[in-house]
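Below you'll find the structure, written out as structure tokens, and then a few comments.
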Amino acid sequence: MTLRGSAGLTRRTFLSATAAVAAGGLLGGCGTSTTTASGATRVRIWSWLTGMDKYVAAFNATHPDISVELNVIASGLKGGYAQQTNALRAHNAPDVLHAEYQGLPQLLTTGGLRDLTDDLADLEPGYSPAAWEGVRPGGRTWAVPMDLAPMVLYYRKDLFDKHGIGVPRTWAEFRTAAQAVRQADPAARVTTFPLNDGSFFAGMCWQAGDPWWRVDNGSWRVDISGEGTLRTADYWQGMIRDGLVATAPTGDQDWIGAMHTGRLWGLLGASWSVGSLVKSIPQDKNRWAVTTMPTWNGVPANGVQGGSAFAVSAESKVPDAAVKFLRWLSTDPAVAKLGTTFTTPFPAYLASRDVARKAYKGGYFLGAPVYDVLDEAARRVPGWTWGPNALRIFSTVVDRMSGVKTGGTTLAAAVRQTQADAVAALRERGLTVLEGKA
Amino acid sequence: MTLSPAGSRWTSRTVVHVLLVLAALYAVLPLVWLVTSATKSVGDFSTTGAFEFGQFNLGANLSALFTQENGVFLAWIRNSLLYAGLGAVLGSFICAACGYAIAKLDFPGRRLLFAVTLAGVLVPTTALALPLYLLATQLHVVGTFWAVFIPLLTNPFGVYLARVYAEAAVPGEVLEAARTDGAGELRTFFTIGLPMMRPGLVTVFLFQFVGIWNNFFLPLVMLTDPKLFPMSLGLYQWSTRVTQFPQYNPLVITGSLLAVLPLVVAFVLLHRQWRSGLAAGSVK
Amino acid sequence: MTVLTPERAASVPAPASRGVPARDRRGRGRAGLVLAAPFAILLTATVLVPIGYALYLSLFTDRLSGLGFSGPTQAFIAFGNYADVLTDSAFHASLGNVALFVLVHIPIMLGLALLLALLIDSAVVRLKRLWSLSVFLPYAVPTVITGLIWAYLYSPNSGLTALLPIDPLGKTGILPSIVNIATWQWVGYNMIIFYTALQAVPRDVLEAARADGAGGIRTAWSVKVPMIRPTMFVALVFTVIGSLQLFTEPLVLRGFTGSVTSTWSPSLYVYEAAFIANDYGRAAAASVLLALVSALLSALVMRLSARRSR
């Protein structure tokens, strides 16, 4: 066209490119029809869950009347929530959306989710209570729980044993252990406290028993700088100040390098950390053990970091098929079984969790079976409510904490600022907000 | 350093070359790192030095890259080529037509269009992304090929360049002659104007190609379906997972290498064309 | 196609359908409209309408009620969003970051580009093409990938960090790190622009300077540089506009360090407001302000350039 000298070539390229576009189905936009060519009901889902493609394939193979179409989107805060929220507001959301427990209330503020209370009422007794509570902000059921991610402590049992360091049961003991680790190897630390991860920090505070949000007479009560949170902040401030923990992110190159070379002897992680450990340091087999989190003054409590659930769009034209798929996804033993072939799932549905436990091969960790520890951790999870701005608070708190490493600010100052930010942000959106503990 | 004895001349020549070698190393070493890193396994990547070779793992990385998520990377390559290739062909043609019209044809609104075009050069694209997104939402084209393709066709700077080329390369007398011969204005443009502007248009094409190839913000906000992603967005999405899943590191790095190669090769091969086009456009 | 002289053209009898100047002009006008229309439509649809829409949106906000679960309703608040943005310390911080970025990046990058262009243009250099192409190559690397490469290089185990006095991903190191990424990417491009401009400097002017006894450095500084000043101003305007849009580099680095806040640059601020906080009104107001600042700065630079070249 433009390049007349090579017009033939250009035109041919142009035509074949156009054909490729058409063939690639790029011109069609999103499928608006609710049935496929073969007459099955079409259910569209967006998710970033690892292995969702395999679950969907398994479902489609066994349910010819429904055809689930998966779009893998960027994970939560990396863009997944943004896409879903925007799509809900733009009235072009898929039938099923991915909602971690902490992200569900924000998705709800679009007003675009289907109330699933009646669809799921019969399933309540089957779920881990922490998960069930997580899908019921405001007392109605808004999503189907998939898995739960209770936090646990992973530690290098070989090194702890070699240097006579006991497994810490309380945070005071954890500090002693941290000192012992540093004494045994000046280059090593007991763990890293990732200052770039708001959901991690929230998980740590969860354990302390002062929820950041509560529903109080139909409006929000925000308490991010409550006693439990400040206690947590002060404790970790001391650990950072005294050089007892690293502050770098978990899972990045530096972290993997440090894990490889034995410079990190522990990991404050969640159920999904099993996969990270096995995949990033496979040669550390039979060196690590799992235990429940250290506690405050011996009171058993455990935070949660992550865990997925799935919601249905209020505008879905095929809600029944969507719910059918989600009930299968959440409770069918086949899903848990399939999950164990490529990850270490920790289902929210207790019967499925047993399936996963039985199918789990093990062989990586020393000591107590990983599923037993995770079960115990899940039982210890205290009540907690996520607010409609939880996701934003994760980035706010990270921004506020960014000066902690250099001593420019403290964790306690950061949480106080975050409280103010959170209250202001909710009020700006027209909501009535109460502050502090009720 | 005046006209000087041989000794000082030699020194200045050495100094100049040392500076140039340093600049070239600065530019090229990160790319060398990309090559060495693309050959490493997940473990070697974390444990070997930046410019060392580990065990040669490029083959395994490439096969992992092309099999990940059912070979979605192949779709990203195709999409990048479509967005950038088709977009730059069509875009530079549109620029050529408009630039030629502004330079050579007196039509109503010509001055206004040129003024708005110049202003359009100055509008930051990041400021346009949000309203474009919301407009695309209302037209129900969010998440489709077109939501990314059409906005990226608009290239005000290309029109400016095309106008410069039209003025410089298409003599008025030639057009007069064509008119006298009875050729219609449109025909004259296609048969005379366009071929004469061709060397400059190669530059418009190349730079629009790079602009679209590198564009990130628009696909980021417009697209949800990985099958429609261009390479840069796809690789970015994978890179956000490396913290949790280190096995994505070799995918991101090997994929980056493949995304960089075609442009580097194109610029090296076509360097005579774009250099001359740039000269004509920028000196003005 | 031969070039016809006016006489000959006049001697050819004009067909009835043409030759009438007014009609001729109308024909050209029509052809001009046809040729300009595709771009004019694109410009309207993808630049003008969005700007208008952003202006409109910036006057509204979403209000929630109760727990917020029943969804938002839209409310007109006039310039409330502008007031919010202008009093938001996060927006101030983002402007501060970009201002600092501009002040550090532009002199270093354009200065280096000019220096390299002059070096390559100097008589003593061999392998000119090799130098100019290798320094230019980073321009061909997509910004996302540029960001990724440097993010990996800045990571503690790359070996590079051991050579640096500060942590490139730390609180104080992050700005220089981003400056470095942008400089790496753009220095070659601008060098080529300057170099092509330098090649257009008439050789007899240079000969004359040399004959007057001016050395290489003196010729470069007092003859070559003034002659390419217009080009330098164009490059300056584009670099300023590009710098204000700073987005991809900090976004990519954000995945590797907490030192880059979610609102580190104005473009990130817009992105955060729109797509994370879902506050379209505030995002639109910030977009409008960003466009305004950009327009003012470019106008300022062009004004400056007009005065200098007079």
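In this document, chain identifiers A, B and C correspond to the written order of the chains, with residue numbering beginning at 1 in each.
As a working rule, contacts are C-beta pairs under 8 Å (C-beta built on N, C-alpha and C of every residue); 3 or more make two chains touch, one makes a residue touch a chain.
The chain list, named the UniProt way, goes like this: A = Sugar ABC transporter substrate-binding protein; C = Sugar ABC transporter permease.
This is a predicted model, so every value here is computed, not measured.
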{"item": "Chain contact graph, described as a line, ring, star, complete graph or other shape", "value": "complete"}
{"item": "B-C or A-C, whichever has more C-beta pairs in contact", "value": "B-C"}
{"item": "Length of the line joining the C-alpha centres of chain A and chain B, rounded to whole Å", "value": "37"}
{"item": "Cα-centroid distance, chain B relative to chain C, in whole angstrom", "value": "14"}
{"item": "Centroid distance [mean C-alpha coordinates] between chain C and chain A, Å", "value": "38"}
{"item": "Residue numbers of chain A (touch at least two other chains)", "value": "78-79, 86, 249, 252-253, 257"}
{"item": "Contacts with 2+ other chains: residues of chain B", "value": "46-47, 133-134, 240, 242-243"}
{"item": "Residues of chain C touching at least two other chains", "value": "152, 157-158, 255, 275"}
{"item": "Touching residues (chain side chain B, partner chain A) in the complex", "value": "42-43, 45-47, 69-70, 75, 78-79, 81-82, 85-86, 89-90, 92-93, 96, 133-134, 137-138, 140-146, 194-195, 198, 201-202, 205, 220, 224-228, 237, 240-247, 249"}
{"item": "Complex contacts: residues of chain A adjacent to chain B", "value": "1-5, 10, 13-14, 17-18, 20-21, 24, 26-30, 46, 50, 53, 71-75, 78-79, 83, 86-87, 90, 92, 249-253, 256-257, 260-261, 272, 275-276, 279-280"}
{"item": "Contacting residues of chain A [partner chain C, same complex]", "value": "77-79, 81-82, 85-86, 89, 105, 108-112, 137-138, 195-196, 215, 218-220, 248-249, 252-254, 257, 388, 391-392, 395-396, 398-399, 401-403, 405-406, 408, 425, 428-431"}
{"item": "Complex interface listing, chain B residues touching chain C", "value": "1-4, 9, 12-13, 16-17, 19-20, 23-24, 26-28, 30-31, 33-34, 37, 46-47, 49-51, 94-95, 97-98, 100-102, 105-110, 113, 116-117, 119-120, 122-135, 150-151, 153-154, 156, 159, 171, 173-174, 176-180, 182, 184-186, 189, 192, 210, 213-214, 216-217, 221, 231-233, 235-236, 239-240, 242-243, 252-253, 256, 259-260, 263-264, 266-268, 271, 275, 278-279, 282-283"}
{"item": "Partner chain B, residues of chain C touching it in the complex", "value": "1-4, 9, 12, 15, 18, 24-25, 27-36, 38-40, 42-43, 45-51, 53-54, 57, 112, 115-116, 119-120, 122, 124-126, 129-131, 133-145, 148-150, 152-153, 157-160, 184, 187-188, 192-193, 196-197, 199-200, 210, 213-218, 230-231, 234-235, 237, 241, 244-245, 247-248, 252, 255, 267, 270-271, 274-275, 280, 283-284, 287-288, 290-291, 294-295, 298"}
